[in-house]
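Each of the next two complexes has chain A plus one more chain, namely chain B in the first and chain C in the second.
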Partner chain A sequence: MIETASLLAVLPELILTGSGLVLMLIAAFGGDRSTHAVNWLAVLALLAAGLSLCTSMAHGPVAFDGLVRADAFSVYAKALIYGAAGAAILLAPRFFAAGGALRPEYAVLIVFAAIGMGMMVSAGDMLTLYVGLEMNSLASYVLASFMRQDEKSSEAGLKYFVLGSLASGILLYGISLLYGFTGSTAFDGIAIAMGDGVSKGELFGLVFVLAGLAFKISAVPFHMWTPDVYEGAPTPVTAFFGSAPKVAAMGLMVRVAIEALGPAGLDWQQIIIFVALASILFGAVAAIGQTSIKRLMAYSSINNVGFALVGLAAGTPAGVAATMSYMAIYVVMTIGAFACILQMRDADGKPVDTIASLAGLSQSRKGLSAAFAIFMFSMAGIPPLFGFWAKFLVFDAAVAANLTALAAFGIAMSVIGAFYYLKIIKTIYFDEPAAPYEAKGGAVENIIMAACAIVIVFGYLLNPLLDKASAAAAASLF
Partner chain B sequence: MIHVLAFYLFAILVVSSGALTILSRNPVHSVLWLILAFFNAAGLMILLGAEFIAMLLVIVYVGAVVVLFLFVVMMLDIDFAELRAGFVSYLPFGLLIALVLLAEIVLGIGLWSAGPVELAQRAAPANPELSNIQAIGGILYTRYIFLFEAAGIVLLVAMIGAIVLTHRARGGVRGQNVAKQNRRRPQDAVRNINQPVGQGVEL
Partner chain C sequence: MDGFPILSLMMAVPMAGAIACLFAGANNARWIALIATLVDLVLGVVLWINFDQSGAGAQWQFTEYAPIFGRFAWALGIDGIALLLIALTVFLMPICIGASWNAINKRVGEYMAAFLFMEVLMIGVFTAQDLYLFYIMFEAGLIPMYLIIGIWGGANRIYASYKFFLYTLLGSVLMLIAMMWMVHEAGTTRIPDLMAYNFDPKIQIWLFLAFFASFAVKMPMWPVHTWLPDAHVQAPTAGSVILAGVLLKMGGYGFIRFSLPMFPEASAQLAPWVWGLSMVAVVYTSLIALVQSDMKKLIAYSSVAHMAIVTIGLFAFNQAGLEGAMMVMLGHGLVSGALFLCVGVIYDRLHTREINRYGGLAINMPRYAVLFLLFTMASVGLPGTSNFVGEFLSLMGIYQVSTWAALICTTGIILGAAYMLYLYRRICYGDQVNADAAAMPDLSAREIWLLAPIAAAVLWMGVYPESFLAPMRPDIRALEARLAPAAPAGDSQIKMGAPKPAGEGHHEEAAAHGEAH
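On to the complex of A and B.
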């Protein structure tokens, strides 16, 4: 029997599913003319789902016999995901206006991806995890090749699809091993079975599951797809990939590591430490030679994922809270940075993505340059911007968990990372002006950019609030 | 006795139709032999008491996958004689794969007879009173209803994706206008004339 409490606990998913289906019908009957209406309705649906998060926790934390969790952790992650998804929808129309390629399905696919991501972060069972992951991935593959006439976009979609299916296969193999050796697909069941020692088979399953999830957060050594997909996908889609699915996959990774594989903590800790180190190093070094800002953002996201994983490597409630705070701040920085990147259009309104074209931007577009500088400084981790607090929290948690060497390495590498962020600022402010951009940006882009910039600059005022929210989220896992 | 007889009947047919699948010259015949092999494999499954898998085999493999094969074989212009030309050069590779598979079977049987794999107690042993289909249906539509519905949405997303990526508005297509068709009366479309002999027809 389906209990009402279970249904109320998944109210956000129900709202999004219902509105996704209705929007699909509007899109089917209205055709391309309905694009604007569908976009705004999709944002409203995400907003409604976000508001319904307030009530969903009251009926949790366990719904559908443990398949779904509606706890503080899932509410925290879902709030971030819905916000980022809404921003990705709002940022799209101006970009696609040049090619006339925006169709109403864009918003619909993002809504369905949001359902999948919501399922990912509130999974209490390997099956929920997989179904949510596939729902999100399928929508993402299509979004990556949304500009199907564009060769690079199609290539990005195909690459993402092939490698993503491979990762899903690896993940499924790991899940089947875990199921075979523990006799349960539920996270708590797996944790109980692992309680009396971790067998070889369980260890193999753990490694494969973590490998599959590492692909989804694009952590080294499973990062190969990221630069190509980020570069090829339409820029609003890249903004989406860089924000919402990252939070969802990171939330999933944290939940699986703590809730399901908690008793095997010492085993996965070394894997996470290695992945974090490799991601930080590779993301910092490989970004230096990039000429396309979208590729640079891809390497930057690999780098950031490494830093976020430092918190998880600690394996303590404080570490998990730091990881979740990091993701929240990272999402704001990413959305803001992409709101800037989306305004990089030449005089004819055609999007450009070379770093060289940014040269001397400060002389023509003062506001845009300032925003760029804020986001780049923040990503580099310069205090007092918000990005500094994110890094501070994860290193603090790592040191508290006796991972001083890891923290020291991370700090050293963030100096290398700072080089390419600062290089962009130098190009904008101190180089000879290149061909000027379009004189004015879109209103929506400007509003989102300004809002993110304000949060980044005055973010430390929000710190008590953010700390409380992430601490509550982390506490619900332990 | 009848079980043994049925087993050997199905087993021989599976093996021989499998062999004919790769040996027949005409690719369409190959696909048809493959269908026969699947049907007999379904028979073997029923002998094992796995009637759900037997039905899946028939519905999914015969009904969907093999029919798809058939479409591909008939629609694509593949020169099978040319494909076969490389048989000798690929033979060592094929033999290698066959050897690997054989080793896997031997290993699998060896491990199985060496003792059960160290599996934990299953959380919920199946009720022997129920048939497979009842057991699966009972759990799929109650405990796992959330995932069942979610899987439906995954399929919907796949469908939307396929349409988004491939659908384009074609020019010069005559769409069907049902209202216009219904509005049309016989007197608008049909003319009765008394055609005089020896004169041309006026259109």
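On to the complex of A and C.
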């Protein structure tokens, strides 16, 4: 018997599912001509789903007997996910039009991925988690190979699929171990069973589950798919991968670690600390030699995930709030940076992705260069840009949780990371001009880029709001 | 002036100017920048006039507080120390703009915007009363300076800009971790409260080292000074002026505002190490300066030596030393700025910084030779010029604590005279061996207008330093009182010998005894 309250609690998912199916039909019958209509309708659907978040929480926090949660945490994460997904749809048309792949399925797939991601962050049970994860992953595999006539894109999709399936297998194995040793797949059931001490079997399950999730957030040592997929996938898809699924996977990781594995905090803390430091270091060092900006952004995302995990490593409400704030700021920076990267088109409108082609851009495209510089300085964590505040929050949480050494190491390694962000600014501002880009960017790209840049520059004024939202999100897990 | 947010206004004016410059053409940008910096200079004068120097009122004046950033606040306020450094900043900025008037002719709008943004941040550093606000201002200065060196710098500018950025960033990030720890421990981000908070002396050492990493690099102290010669040599003239004039002072300001009052015990314990580094710096960098063939590099190394006099004065823990350190900072800010301008004047004409390419300029550029001589003498520390006051007080302060440190650092004055006079001889005296150098025209009216105000200020500071000592005296006293319990004992205490019974002792023996004391 399904209660109305449970249905109302998952209203955002229902809206997206319904509209996704309708859009699919429109796409099937309308063909490629319907692309723009489908895009805008998909954005509207995401907007409607976002608005319905306001009401869904009133019917939570528990729905479907604990299978799904509709708490402040899921609302916070979903707001970010829907926003990022919407931006990924809006940014895409010019890119696909240039590549001759302007098809309506793109937006539909993103809507389906958004449903999966919404389920991931509001899962209250390992099985809901898995279904949500797979729903997102399947849509993502197709998106990665969306330009199917392009060899690199197909390769990216295949790689993503093979490695993603492996990770799903690892995750499932961990879930089955946890189920076997705790007798439950529900997060609270697992937590209760672990409350009396963590057995060997539970520990193994924990390690496998975390390994599977680490793959999804592309944390070292499960990051190897990221550079290839980011580089091969069409750029709007890369923008999408870099933003929304990262929030979803990070939200999932946080929820599983705190809600299900909370009693084993000391055990997973070591894992998270290692993964965080390894990601920060590897993401920083490996990015230095890159020549493609998309590959560089892949390493940058690994690097950023490491920083976000520092907050989780603290294991405190403040730490979780810091991680969630980090993801919010990170999503804005990533979308903004990709809005810049998508404008990297040569004079004929063909997309380019080499860093060398950016040389001397500041002399021909002042606005684009300034935005690029803002996002790069911000990612490097240089105040007064907002990216600094993201790093500040996670390290502050680590210091408050007596992990001062972790914070000191992490922040010292952020200096290595600063180097390659500086390299891009150097290329844009200091070098002699290379072949010029297209004279003007698209209107939508410019609007999104400017909006993100404004948030990054004036973000500190949002602090009270962000603090309140992330604290409420974190509080709902403890 | 009560309640009028003059400090915010002083930051808003250059900020507005910076934004306007970004959208203006080359010539408009120059005028906007000049007007904005002059308005700030006027505001600085108003600030000084309204500043209560008596020490009877509150220590922190012109305070503003707006908790708009969640965890930290827009909290501003100044004491005498900050007032003087702000005055230095607003005084040098119009000169920097003037120095770039003709020298910079590509991307002028962006250049002026970077400088004005720099001014906002420098004023922000000296006025911030919130720990995190201070950090943000302190660190944000890297962005405009990186761009100034990288875009408008010399041939090897890219290496220098990276080195400047990463060196100072690495120094600063550890300070941030220490700041977080302090805020959690003390439960406040207000700097005046933290200055009065007593941290556990064992932890203080770690906190001190974290702050030291940042300020020592910024200062810069030996052996982390190596970014400075590169940055100075590659930066455009005005960039060097602001770097030597104000940015280095942020390190000294950091010591006087954070390290000393917040960690007095740790400062006292580690003071001998700081003296050691300073002694090495004074002698070593002076000797390096002696053999430079590049004018800017020479002055850069002399900056490191002068900054070592600052640290030696700061870590003397007494009023003379602290006041002396402040005076050296102010004096050096003016004099090194002026010296870089002097280098810029002839660089603009001949486009080389090689000392050997010049010679005998006193013949064809007499006005230039006079002003350059004045600043050379001021850099040497001739009585009657600004640096004499500061160096004398610093060394007097350290003499009370460590005679050895005083002895070795005083040799720096002699070496300083050596390299500066040698530089002056090679440039202005001797035969005019280079025809192109001999044909250079004397100072233009614009250049005289740039150098004359500095010359006046240098002489004023040397002849009547009380104008500059008075505003900071109450604050230095307060700092000395804060440091008094921890201050290290001097090594030249007077000990009373036991008198020998009359008639027994020989006259010679008594004399020898007296000498030992």
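Note that in this section the second predicted complex is superposed on the first by the 478 of 478 C-alpha atoms of A that agree within 3 Å, B and C clash if a C-alpha of one lies under 4 Å from a C-alpha of the other, contacts with A are read in each partner's own complex, and residues count from 1 in each chain.
Keep this in mind: a contact is a pair of C-beta atoms (placed from the backbone, for glycine too) under 8 Å apart; a residue touches a chain by one contact, two chains touch by 3 or more.
For clarity, every value in this text was computed on a predicted model and none was experimentally measured.
Colleague: Contacts for A:Phe419 in the overlay, against chain B (first) and chain C (second): which applies, first, second, both or neither?
Modeller: second
Colleague: Quick one: is A:Ala249 in contact with chain B, with chain C, with both, or with neither? Answer first, second, both or neither.
Modeller: neither
Colleague: Look at A:Ala287 in the shared chain and tell me whether it touches chain B only, chain C only, both, or neither; answer first, second, both or neither.
Modeller: neither
Colleague: Quick check on the superposed pair: does A:Met344 touch chain B, chain C, both, or neither? Answer first, second, both or neither.
Modeller: Once the two structures are laid over each other on A, A:Met344 reaches no partner at all.
Colleague: Who wins on chain A residues touched, chain B or chain C?
Modeller: Ranking chain B and chain C by residues of chain A touched puts B first.
Colleague: With the two structures laid over each other on chain A, which partner does A:Thr128 touch: chain B (first), chain C (second), both, or neither?
Modeller: first
Colleague: With the two structures laid over each other on chain A, which partner does A:Met297 touch: chain B (first), chain C (second), both, or neither?
Modeller: Touch partners of A:Met297: none, neither chain B nor chain C.
Colleague: In the overlaid three-chain picture, which partner chain does A:Ala400 touch, first (chain B) or second (chain C), both, or neither?
Modeller: Touch partner of A:Ala400: chain C, not chain B.
Colleague: One more residue to check, A:Ala321. First (chain B), second (chain C), both or neither?
Modeller: So A:Ala321 meets neither chain B nor chain C here.
Colleague: Counting only touches as set out at the top, which of chain B and chain C does A:Phe181 meet: first, second, both, neither?
Modeller: first
Colleague: For chain A, which residues are in contact with chain C within the complex?
Modeller: 362-363, 377, 382-384, 388, 392, 395-396, 399-400, 404, 407-408, 411-412, 414-415, 418-419, 422, 425-426, 429-430, 460-461, 463-464, 466-467
Colleague: Okay, in this complex, where on chain B does chain A touch?
Modeller: 117-123, 142-147, 150-151, 153-154, 156-158, 160-161, 163-165
Colleague: Please name which positions on chain A make contact with chain B in the complex.
Modeller: On the chain A side, the touching residues are 1-2, 6, 10, 17, 20, 24, 64-65, 67-68, 103, 105, 108-109, 112, 115-116, 119, 127-128, 131-132, 134-135, 138-139, 141-142, 145-146, 148, 157, 180-184, 189, 193, 199, 201.
Colleague: Using the touch definition from the top, list the residues of chain C that touch chain A in their complex.
Modeller: Touch residues, chain C against chain A: 68-71, 107, 110, 132, 135-137, 139-140, 142-143, 146-147, 150-151, 157-158, 161-162, 165-166, 169-170, 173-174, 176-177, 180-181, 184.
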